[in-house]
Each structure stands twice: as C-alpha cells, then as structure tokens.
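Take a look at the structure set out below.
Chain lettering (A, B and C) follows the sequence in which the chains are written, and residue indices restart at 1 in each chain.
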C-alpha cells in the first residue's frame, strides 16, 4: 500500500547495516513497511530498534545498504517534511512552555496543525503554559508526542512513547495514535511491551541483535504468542510432543525440551499421561524473545520433520 | 507569540542602542572659529585701541588677512562672519620685544595674543626661511618673529652657556666681518652682550662693543645691547647703541643717564618680568594661577612661570627697576614691552601680558603700556603693518573681554586671537598617551644596557651645558612586569643650567629616519616627580624638543606622540634621552622596554 | 528566503531570546561583566582614564566575545547533549534557521552588552569621539562576533556538554588575556606577545583600535587579512565539526 500523498511506501530498507566500532547495531535488515497502519518494533534493549529509527530519520548514517523513507533518501528535506518523531532521549528547551515548543516545531512544517487542535488531541491544555523543566516526566513525554504530530506528518516515529507514562497518559496517547492511524497516517513505534504492541499495532516486527527475527500481523501473533513455557527432561520425541493438547512449539535445548503451550495445564496433563517419568520440570511465562523464537521454531517445526 | 518577542527585542535594542549612539559625547564643534576667509570677518561695536589712541564702539572689517575698513555701521556681506564686540576691546596683535625663540615659542606666544616676537638670540639655523614665512598671510598656528640670531659675545661669555653653537669675537678688528656674516645669516638686527666688571662671565670689552655698534650702523642694521648695570648702559649709550634690551636695576637712574638717553634717542626694553624673577618676587607664579591664564598654559609654560632664577642674582632690585621705568618714561624715553621668555619665571605670550601689567604698576597708563606692547615696538623696529589697527595693516588682532582702561586685570582675559585674519584655536590639545608598542625596540634591557638595534645607552646630564647635574646608570634584574632586566638611573639634578637634567640617553651610530613611527613608548617607575623625554636631531638648536611626564612608584607605560615634539625632525633622529628634571632633586628611577611604535 | 523559512526563523529567534531572558542568572553577569571590567580598567584604576579611549576598542571586542563564544559553544553542546538538536534535525527545520536565529539573539545580546560599555565610556570615562567614529566602532565590534560565533560552533559540536563549558571558558580567558583585550599585549613577555599574533581577538582589537582612532600604529590591513583568513578557517572548521558529529 502506498502513501496517499506521496504515492510511496513508508519505509524500504535493503540490507541495512550499521556498525559502531565492532558492534553491529544493525546486521542486514531488509524491511518494507507500506503506508498506513501502525507497526510496532519489538525487542529488548540493544536489539537495534532505535538505530533503525535513527537511520530512517537520517540522524545516523548507515554503514551499508539503503533505506528510503516515503520514496526519498532518509534525512532528505522532502522526507522530513512529512515525518514526525518522538525520540527516546530528547529533551526540549527547559525554559520554553509546551505551547512555545509546539509553536516553534509547527513553524518548521509547511502545513502544521493548529495549536489548539494539538492541545486537544493530546489533552494537555492544563499544563501547556508551564515551562518544560517544571513538568513531570510523563507530561514531558506528552509534550514530545505533541511535537511529533504537530506538523501533520504522513509518517510518525515513536521511540518508546509510553515509557514513564501513567495509565491515563498512556490511554490518551494510544487513543491519539489510533485516531491518526484512521487518517491513514503511517505510525512506527518501538516498545518493550507486548501488550502495547498488541493493543496498537497491525503488524509486529521483532528484532534481536540487529536482525529482524520475526515479522507478522498482530492477529497472527496474538493467536500464537502467550501461554507458558514448560521445560523438562522427557523421552517423548518432538513429533509426538507437538501433537499434544495446546502445544504451539517444541524446542530441544541440550537434554531439555522446551514446550510452548497455550494452556500449560492441559498440555502437562497430556504429557504426564504418556510419560509419567518425566523429570526436572519447570513452568514459566516465556520472555518476548522466547515467545517469538517459539513462534519461528514452530514454523520451522512444521516444515522440518 | 515568539515573533512578537523577536520584534519587541529588536525594537527595544535598536531604540536603546540608537539613543546611546546619538547621545554619546562628540567633540564640541567649533563653528565659531571657522569661516571663509575670502568672505572676511567683521567685528562690530567694539572699543578699538589702534596702537596709539582709542576708537570707541567702532566696526572693524577684515578681508584677505588685512584690515579692510574701520568705521561705524560698516556694511557686511551675508557670508561674512560677524563677531559682536559689545563690551569687548580690540587690540593690535601684541609684540613681545624681547624673547628667545626656542621650542614651542611661536605657538605658545600666539595663544596669548603675541603675534610678533622680537628674538634677542637664537640658533641662526631658524632664520633661513623666516623672512618669507612672516610675510605670508596664510592661516597659521605660529606667531611671526624677527631675530638677532647669533648674539655678539666673547668666548665663554654670556650667551655661550646655553649649548647653542655660537660665533664669538674678542677684538674690534673682527667686528666688520662678524656683522656681515650675521646679516648674511638673516639677523634683522644685532644684539651684543656688554657686562663688564662682573666675575661670573667674561664680557666683550668696550672697544669691541663700540666697533660692533659702528659696523652695524655702517651695514644698515640696528644694534641693541644686553647690559646689567647703569654704568654699562651709559657706556653703550655713549657709544651710540640704538636700544637696551634690559633695564638695569642696580642703582636709581641718574639725571645724566636720562639726558644722554634722550639726546641719543635710545629705546629701552625693561623686561620687568624677568627682573622680577631674578629678584625672586614670585609675581609670575601668582600671575600663572589666574584661571584666564592657567587654562591656556602648557605644562612646560606653567612650570617655567613657577620657576625663579636659581638662588637669585645680586644687583637686581625690583622696586628700583619699576621706579627707573617710571622716571625714564616720564622723561620721554621710548619704553618697549618685552618679557625675555623663556627664562625662569617667564614664558612665551603670557609673560608679555604680565609685562604690560608691570609697566602699569611702574606708572605707565594702560594706554601707554599697550602702546609699548604694540605700535611703539613696530615703529622702533620698523615692522611694516604690525602693532596698529589701520586700513591695510595686517589682521593680527586680539579681542579681550571688558575694557582694560578700567582696572588692569582685563588685559588677561583674552577672548579671541586673530592671526592673518584667521581665528586662532586657543584651546590646548593635550598629548594623547597610548600604552602600546610593538616594533622598533630601542632597548629592552633584558641582559644588559645594550640596545636591541645598533644603539648605545649612556648616562646624560647638563654638564655639557655648564650645569651641575650628574647621573649614573646600571643594569638591574628583574625589569618591568616580569621581564628579565631594566635600566636603573641614579640622577642628581642640580641648579646650574636654566633647564637642568640628568638621566639616561641613547644614541644611534648615525642619523636615522623614524618617520614611519607615531610614538615613543616605554615603561618607567621611580621617585615620583616630573621627568622629560628629549629628542635629538643631528643639528642642535637650543633646548632639545622635549615633553614632560610624571613618574610614580609603580610601573607605568608612557607613550608620547612623536609629532608632539615641537621642532623635532623625525627623518633625522640621532637619539633620545629619558631624564629627570628640570626640577632639582635626587631621583632614582628605572626604565624598561623603550620602543618606537 | 521563502516564507516558511522566514517564518521559522522569526519564531526560532524569538524562542532563543525567550530562553535568554528567562535565564537571568546567565545573561545578567554576561551582560554586565564587560562594562564592569571596563569601568574598573578605564575609570577606577589610577592613571587609567588616559587609556579610556584605547580600552573602549579592546573591551568592546571583549563584550561581544562573551555572548558569541558561550551562546554557541556552551549552548550548542548543551542542546546536543539533551537530544534537542537531534529532534530538530529529524524535523524539517533547516540548519540555517538554527544558526541564523542563534546569531540574531547573540547579536542583539552583544549590542546591549556593547551599548553598556559605550555608556560607561561616554558618560563615565570621558571618551569623546566624532559621531561617525562611535557608530563605525560599534559596527566593527558587532561584526567582530562572527569569528567567535564560528569558533563557538566548532567547540559546541566537538565537545560534550561539561567539557564544552570548561573548554569555552579556557578559550575565552586566553582570547581575552593574551589577545590584549584587558591589558595591552606589550606588557607581556615577548613569548606571550607572539602568541597574540595567532589569536583573532588580538587582530580584531587592532582593527577596532584603528577604527576608533586610538593612538598608535595599527597594522589594520594586515590584521584585516588575518581576521578574514581566520574567519574563513573557522567557518570551514565549524562546517567540518558539524558534518562529523552528524555522521556518527
């Protein structure tokens, strides 16, 4: 799907590599994000999410490969005119009020939203005339969010937008993001929280160590991720384990087997039935990465007997 | 609104800075002192002293440097500068009949209305272009002068002690050649020193003096005599001298002298000002403190007025001198006003005003005293167009506030000086100082007293001029502001020479040009007091061009504009001296980083 | 300049001024220090009144140097550290707007600082000059901020926030003292004097001294050439350091 204003996909990255010294922050990312909708970049710290966004914004020059934003080279003036951003570590001038900060940012764009519209969208009228340094952490993030949308951008990057927000503020932000998405604005956000990705995104991209390790529509992920991780030593083989009740994926790690299950009780009951001598049993909620590794492994498991 | 902040700030800053810029002080524009000389100048409704008599409430018109008309209700053209002279007095430019033209004589005297100086001995080198200069009617900052040039004296006699090269003579046979060489050099008249019988200095003998008078008259010039006793004066009168440039103050003038003076029609320039100084009366210091005088005195002039002759000289009774003036004047002897500047207790210009007052104190009327300071000198010395206010005379004029016929103080209060039809800028321009130097180091004294360029530093004192001052110099460490070394001077300034000094000086091996530099800069500290910088050309004429400065106990930078050394030729620089003096005393001081900049 | 850039410039310059005005603890000392120093050197110290005119030329350069160096050196480093500069670079704001508005605020600020020095000079220290000399000296001194602005930019792009404060202060002191802005360089030992030749502050002061018709010989053409060359060099350095921090 192409952006309705620019007739371009939002992002196309080809074999994108970024190295900082010996660290490969991005290690060959190939990605296309079509216009419209909300895409969540999921991953732990250091996975490469922020580096990817910085490359897309033109703040960081890639070491290799290519990234195009709305059909332009990243950082190109035309791309920036249609882009809004909320960065992870970016404080605004301390001595300006929210209103002044927004007015200033609006002046950079050819067709910005009215100040009043932004204050309304972000529900921040009550603190818009307070100097930035006197705001709470959450209020500061909301001003930053307001700056990201004031320019009526076609593409918005939100890097960890809800970190430090209370639930009310988070709700307001989610609501605004959804409203914008309804107007066919492309939104790319990074998050640690599966719930946030689940609540907002149409598409989830999982990154680990500079690579994309999973990329799927949210609906698919909602179906497949979750449940519990059962870890034990058993004599039952993978093929048989995979057929057990509620099992999503099976993975061997040394002498252990890791079974990702949508319903731990049901799966465990079935497993104990066929192997009463299983040992070293632990059950835990899987980390995001494990969940997505599970996701990918299950896919592998289906094709790999 | 952010835009409003910007435009408010810009407006406020522009208005504020603009207001400051428009109200910052600028030099007072001197509209009144500039005018188009071709259009001329009209002084209206002023009381005029024409050199002889008074023309009250007249108009005087000046065109092209000369007086064009005198009358009542004269028509003035529109572009003519008009001065309202109501309540003021117009005098002819004053003539000082006895000065010595050295240093800043011509500028200093002009500021006080003396438009013509009669020099009674200076370096003959100054006379070369003088005749043409004094005939000019161009705008000038200089007074005109006539000169005796090289005076007639014996080897070692009066006149040889000032350091000016001088051709002496000792026998009547030399007189003819000597006089013709003076006329050749440009002397306008001859002055001889005849002071027999006093043991301080040898003198020409009477026969030689008489021969000089005869030869002078034979070759068509006047001969005047410097005497200090009535006996010497009588000798000279008997031998046919034209005038005396001092009045004796040793005895009361005798009837015999008066009658021979009248028969021989001599004139006398009493120089009461210098007699007052020799007699230690302090009247000059008092005169110098009058604001209408003091404002226009350079530091050098003020210094000179506050000096007396060191120790005084016996044989001068000031009251006797005034009484002699009164009796000679009453007997009809021509009295001319002269100051003998720049001797101690006198200075150029101001001292002639003082002399006029002293003549009045002696018993002359103000009218006679002003006549003595103007037309009497012009007629005696045959100065065409000077000392009078007549149609066709030179427009050398002085406007004074008030009427001097009512009280004598009015003569000091000069309002305007006009020379060659131009109003003279009377205000002093103080030398500007700048603490900067960078090139052409003359001495940094880092490792010793050797200079940086081919220069050598030595001690200097006035012994070459017959003075008694001494100086010793040494190298000390450290120098100014952390530099490695400096020159230290131990100077003892003693009375002897009329402007005594002692200090350190540098000389170049050969003359050099410093025309590309603006100032001489150095650092100094030491015994607080007054010091001088003297600049030397390869030809020495009188007191070297100099400027004074103050020293304090802490290092300070002294910077002097080379242009402010009057009569110094920067293309012919041979050296300079940084000295203590002329006030007597013991001075220990240090000098460092002497540079031209 | 298209309307949108002009519009952005006006607002950003306004914002820069607001930030300045809302930090009186920074701007009042910076504003008052040059005139205070000038009053001390040209009025209060014994014998100094003779040099009031001379020092007006050098302290004027000093007055514009402070806002230029600190506004850009510390200001840019600080905004870089906060990530504010990143956000601006991600936005469509042209770099020229950022520089131009900071420059505008700096020039206005420097004008006021300079104006105060002039007030002290004219009404306290007895300096008297022709009107056109006052005005042209002011103009020259205001222009003298340009090389310092470029130097400040280079420092701001090259050093992290805390380091930038220290380095800018050091540069400020060296430029002032060794450039002869407080005390004429002639007072220094020759080795230190020769350092002055490499400082823009020294040459700018020379030009100001010439324009202000201060006494002494000022090699104005030579200083002008040196200043222009230095300004060109600093501009290149500023561009280089900007580009370098950008590509990291």
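For the reader, a short list of remarks on this structure follows.
Keep in mind that, in the parts below, a contact is a pair of C-beta atoms (placed from the backbone, for glycine too) under 8 Å apart; a residue touches a chain by one contact, two chains touch by 3 or more.
All of these numbers come straight from a predicted model, not from anything done at the bench.
More C-beta pairs touch across the B-C interface than across any other pair of chains.
Most remote from chain C, judged by the distance between CA-atom centroids, is B. Work out the mean CA point of chain A and of chain C, and you get 47 Å between them.
A separation of 97 Å divides the Cα centre of chain A from that of chain B. With centres taken as mean Cα positions, chain C sits 50 Å from chain B. Contacts with at least two other chains are made by residues 1-2 of chain B.
Shown for chain C are the residues in touch with two or more other chains, namely 10-12, 15, 18.
Among all residues of chain A, those that touch two or more other chains are 100, 103-104, 107.
Listed in rising order, the residues of chain A touching chain B in the complex are 100, 103-104, 107. Listing the residues of chain A that touch chain C in their complex gives 57-61, 77, 80-81, 83-85, 87, 89-93, 95-96, 100, 103-105, 107-110, 131, 144, 147, 151, 157.
Interface of chain B with chain C (complex): residues 1-7, 9-10, 13, 16-17, 20-27, 432-438, 444, 480-483, 517-519, 521, 552, 556-557, 559, 561, 593, 595, 597. Of all residues in chain C, those touching chain B in their complex are 10-15, 17-18, 46-47, 50-51, 53-54, 104, 108, 111-112, 114-115, 118-119, 121-123, 126-131, 134-135, 138, 184-190, 193, 209, 214-217. Of all residues in chain C, only 4, 7-8, 10-12, 15, 18-19, 22-23, 79, 82-84, 86-94, 97, 246-248 touch chain A in the complex they form.
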